[in-house]
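A, B, C and D are the chain letters, set down in written order, and residue numbers restart from 1 in every chain.
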Amino acid sequence: MVKVVILGQGYVASIFASGLEKVKAGKIRPYGIPLADELPVKIKDIQIVGSYDVDVTKVGRDLHEVVKAYDPEAPETLRGITVRRGIHLKSLRNLPIEATGLDDEMTLKEAVDHLVGEWKELKPDVFINVCTTEAFVPFESREELEEAIEGDKRDRLTATQVYVYAAAEYAKETGGAAFVNAIPTLIANDPVYVELAKESKLAVFGDDGATGATPLTADVLSHFAQRNRYVLDIAQFNIGGNNDFLALTDKERNRSKEFTKSSIVRDLLGYDAPHYIKPTGFLEPLDDKKFIAMHIEYVSFNGAHDEIIITGRINDSPALAGLLVDLVRLGKIAIEKKEFGTVYEVNAFYMKNPGPKDMQNIPRIIAHEKMRMWAGLEPKWL
Amino acid sequence: MVKVVILGQGYVASIFASGLEKVKAGKIRPYGIPLADELPVKIKDIQIVGSYDVDVTKVGRDLHEVVKAYDPEAPETLRGITVRRGIHLKSLRNLPIEATGLDDEMTLKEAVDHLVGEWKELKPDVFINVCTTEAFVPFESREELEEAIEGDKRDRLTATQVYVYAAAEYAKETGGAAFVNAIPTLIANDPVYVELAKESKLAVFGDDGATGATPLTADVLSHFAQRNRYVLDIAQFNIGGNNDFLALTDKERNRSKEFTKSSIVRDLLGYDAPHYIKPTGFLEPLDDKKFIAMHIEYVSFNGAHDEIIITGRINDSPALAGLLVDLVRLGKIAIEKKEFGTVYEVNAFYMKNPGPKDMQNIPRIIAHEKMRMWAGLEPKWL
Amino acid sequence: MVKVVILGQGYVASIFASGLEKVKAGKIRPYGIPLADELPVKIKDIQIVGSYDVDVTKVGRDLHEVVKAYDPEAPETLRGITVRRGIHLKSLRNLPIEATGLDDEMTLKEAVDHLVGEWKELKPDVFINVCTTEAFVPFESREELEEAIEGDKRDRLTATQVYVYAAAEYAKETGGAAFVNAIPTLIANDPVYVELAKESKLAVFGDDGATGATPLTADVLSHFAQRNRYVLDIAQFNIGGNNDFLALTDKERNRSKEFTKSSIVRDLLGYDAPHYIKPTGFLEPLDDKKFIAMHIEYVSFNGAHDEIIITGRINDSPALAGLLVDLVRLGKIAIEKKEFGTVYEVNAFYMKNPGPKDMQNIPRIIAHEKMRMWAGLEPKWL
Amino acid sequence: MVKVVILGQGYVASIFASGLEKVKAGKIRPYGIPLADELPVKIKDIQIVGSYDVDVTKVGRDLHEVVKAYDPEAPETLRGITVRRGIHLKSLRNLPIEATGLDDEMTLKEAVDHLVGEWKELKPDVFINVCTTEAFVPFESREELEEAIEGDKRDRLTATQVYVYAAAEYAKETGGAAFVNAIPTLIANDPVYVELAKESKLAVFGDDGATGATPLTADVLSHFAQRNRYVLDIAQFNIGGNNDFLALTDKERNRSKEFTKSSIVRDLLGYDAPHYIKPTGFLEPLDDKKFIAMHIEYVSFNGAHDEIIITGRINDSPALAGLLVDLVRLGKIAIEKKEFGTVYEVNAFYMKNPGPKDMQNIPRIIAHEKMRMWAGLEPKWL
């Protein structure tokens, strides 16, 4: 059994919950879940035990009701869990959403204690953090972090930063837990948090789930690198209509994306080909189905100039939600293996910005094999 | 030093010759040559010692003149080699080219002897076969092959099939050689030829150089496979204006493409997703720069349907010519390692239809690493 | 009221029937019907009174049942019409469909009389011909046509050629009718048929309904022509999974597409830019939703070379079915205006190969305005 | 003879100058010039008599030298014209260019007098304004404009606004001139300027030359409108590497693009389909060759959902430069016809934001025909 607490009951979390229950019930095939039935921890072993949000239209409502707004075919098995009030800290600032968090009612320290208290009852193994993209500042030292919590410095912290702090507290008290950070806020890439996690028996996976155009771009760049084709330039656009794209129209949040290792191009090609790789726009009717477009020019043998263009219509939330079904199970495995801190082998395949801080991006196809081996599976092609 | 004989002095061979000399002279960077300067056998060690064709406008002319028709900037260092008459056997039938071959003047057995005689003077290490795509029938037994040669059965054999036979003869007499078959005719996938090669101390790489849209499709399919996305259908078009596209408008030749492992989809995905992957048309003004278009639909998590479209403008001949610069050096290494017959580790990365017959396609990124290790290099990412 | 008889109850006809009833019932908006509510003859005035096919699984069944196989949401209002046996003449040869036609039971002359007899009861104003693409030979003289019918020359005639002959007979006897030929068989472009139609008070619209990539290509070419950009080459692919694409894998039928004015490029650009514009392949899972890809290179000012690529996923049958909703009403108007023979103003907008024979393709945007004026409407932009 | 003064000797003006001279010399064909040889005023009648800029590396240098930086094949016939100092007013602010203008040495009133003085010697018929995109505020009243000039209010005015004021002065004194405003600053759409022009015998064409993806989008939208397909959403990206894209990374300037009639979607479709149509990014290696990508979803008949994607590589400056070759000649014709103020018939085809203020966008194919008729030519298709 893997008990899961969801932090941020938005699009991704709702598709995760809905798809998970459908797969468990045998209603749909486990497509989009990389390791499907291969892991010793099975999909049917996953159990959602709690969910947190700050949207006033969600807090206090039944999970089934909330999920249904995103997927009309949400299974009935989601009934019985009530969405709880989480940390706000202006996570939804500038978005057209009315929100109140625990922090609007108590100090941060009290909120942390409140959460740890609830979690001791829910007994989760794994937390998945799928809050809206935040404008954040990483922590430089443990003291700075402790002071921010203790001193109730609300402007210094984001919801994610508080959640991980609380999860570490919980892990320390209960003997082990895992935290999957699927958003760009630096956690697995922040040595302060990795150190805290290691000490507290918390396994952290992160940062920023590897979905969308970037992993495909990565594999296409690897394709060119292996043939020694010289990439001249890379332009990559994407536009969508979900809240995450809306959030990125906010300048400050958009900057948080820049913390994501922009070194992916250099890591894979071995040189820094000029590139423009950014979330580009918000167009509401696209909803969760984003449009991506990518243009790459390169030099082939004898000085020949080639170009390829990739366009796509991709459902944004299912891509990430499917990865989460693996990540919660890998979290459980990390706890069992007592691999606390962060796990590069997992991050390298599943995350856009694989922690720890000093580690590179590698071709995902290679990362996939390494991750399999970490999880005790046979490699597929090696 | 690696001495090379070219069989079929068309677009690919001419770009190979021209680009090779430019790289050797330091005029251009070795882009498009996967292993560039990494191999112990260096690019500057490659020396073209002979070239064969059957086009009456090429035979007897200086290599520099012939290459110049394909690349106006062909280096002067190509002067001094005269294009020799090779095997025809109607290889250029239906193409608007006047051709005569050795076989128009003598029996096949005599032609083989003639070639072996010339090669003993030229002393090539490696042959690269870049004849026009042929309509062919693979051989089922050694006897059938021997009888075809001895019995002068011209309708049973293609130019390639005779060339390999002669190369085996040459290797047997001289102690070792390598044959790179960059066209679809089954050689590395024909057990009869592999057996003959092994006995004769000939290393054969083949079949059908892995250029164009297919290797990219392979990596994209691997990308989906690793995420357990279920591919619904694949349509892949390409159209070009060089002689190879013109040749494929001929029904019989086009069929020869079908021998190419159509199992690439099944090999990489694990199931046979419906697909249409074929050379599509000839449009002369496109010349060597082909247009490719690919459409893939797949199912992601929670039943979501996604699609991606890849289009590109790609110079056809340089892509293959760059691979040949590696393959001749790997041929030399195979001779040194005495690895005769065929070498899957090399074929799996460089060939569309990697021999031997019963071997699968694997993701090219993995194949690349295995090939490096075979060649004595460090893997790049493993 | 416009009474309609359908010839060929396949995908297009079924989407026509289903969509028409939904629009009439106010269940969906009239999207895809160019003139929507603008014409004096209203959409709700259209009434399907008969349907003909030769597929043994369709003949004798209720129209609602047949349509439901193509559109699960077919309205109940389609009940009450029984699909009748039509002309076969091997129209479905080579397709995996069992078929028998009137011509399998009687002479062609008798079949014509049989049809005219049925139609005199059904009293249709307009026939819409949406049979599967046929391999055909146009008629050179009236005598040849008459002899083919009278002499029961089954190999000389296609189903369409017989249907038009019968429709002319019916029109002559009843004082006027219209025939919409939405497939490539030359009717509006065959002077023999146009003459016959004129004499018989039959208005013929044709040939080959202007759907798919070609009308868009036409407008894009017009766009370049007006800016005096010099088009270097045009490649256009399309692949689909419906019966029409399957039928085109048959070489003979495919040739029938070649009768379609290949002069579209010359007509719009003023010169014959090299082009490859052909249906390309069949891939069953695409079903009615085809994938198109188009590549155009051109020269701009100061010798600059530009290129555009258009790709699309397009529902094939609805595009044509929507045009038919206009065409049946324009047929009624032609009868009222007594414009028998063929009407270029209508054909130029709605048909790929606008008759009569000697007339050119013009930009569709211009054709649209001229067609409006013919139909008594104000032009939209002029 | 048409004498031309260039305002802003950047990429577009340089390609204009270079291409014009090549066409005049018969070295290249007049591709990209819509009316080519059709107008009574011939291309060879165009003569560049002056050029203005504020870049310190350009002012005082020979035109040939400046143009050569943009087109290495600039003809020698461009020698003999010295680039003069123009109006700056921070037009190049935030760009990595050192600039000084007349306004850095004298009052605006004096600068206007200075320019008019020079122009009386150069005797231009037509001015073409191709300054870098400006951050501007339109004028609400004549008084406001006069006060800004007289009161030397440098923060209120842009270079373009001063240039048109000076051109009007010049036209009034000399009996007629034309001003082509190819950038977004509202001139032909600012009633204050149109009134001033009319009184001063100045013909103004504007605003914002219709190049790039937008005119193509317009024709594609018209294509859908005529078929009554309901457009659900439109996303259009473009990225380039020339100074104009760099300038648009500046927030203020980018806003100036928003003055451009965003009503193009509403004008052509008849409703305001949700859209994202914006210059998107700057990527230097793309240089003048931009990458565009466009995605359009629409509803066809029977509720079917279709989508098309257009991508392209387009040389930015030649597209506009080619139009300028027409516009200077149409300017001369306007002077001859004494059509002062602004001319919608010309603007509707050549401009993204056709003035006057209250006029709509219409399909370019229709606009083209109307423009031809205004210029005294036969329509091509009507």
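FYI, contacts are C-beta pairs under 8 Å (C-beta built on N, C-alpha and C of every residue); 3 or more make two chains touch, one makes a residue touch a chain.
This one's a predicted model, so the numbers in the text were calculated from it and none came from an experiment.
Touching chain B and chain C at once is no chain at all.
Farthest from chain B in terms of Cα centroid separation is D. If you average the Cα atoms of chain C and of chain D, the two centres end up 44 Å apart. A separation of 46 Å divides the Cα centre of chain A from that of chain D. Centre-to-centre, using mean CA coordinates, chain A is 52 Å away from chain C. Along chain B, residues 307, 309, 311, 313 each make contact with two or more other chains.
If touching chains are joined by edges, the resulting network of the protein chains shown is one closed cycle, each chain touching exactly two neighbours. The set of touching chain pairs reads A-B, A-D, B-C, C-D, using the touch definition from the header. Across the complex, chain D meets chain C through its residues 15, 18-19, 22, 28-36, 71, 215-216, 219-220, 222-223, 226-230, 299-315, 318-319, 321-323, 325, 362-366, 368-369, 380-382.
Residues 232-233, 235, 237, 239, 274-276, 278, 280-286, 291, 293, 295, 297, 307, 309, 311, 313 of chain B are the ones that touch chain C when the two sit in their complex.
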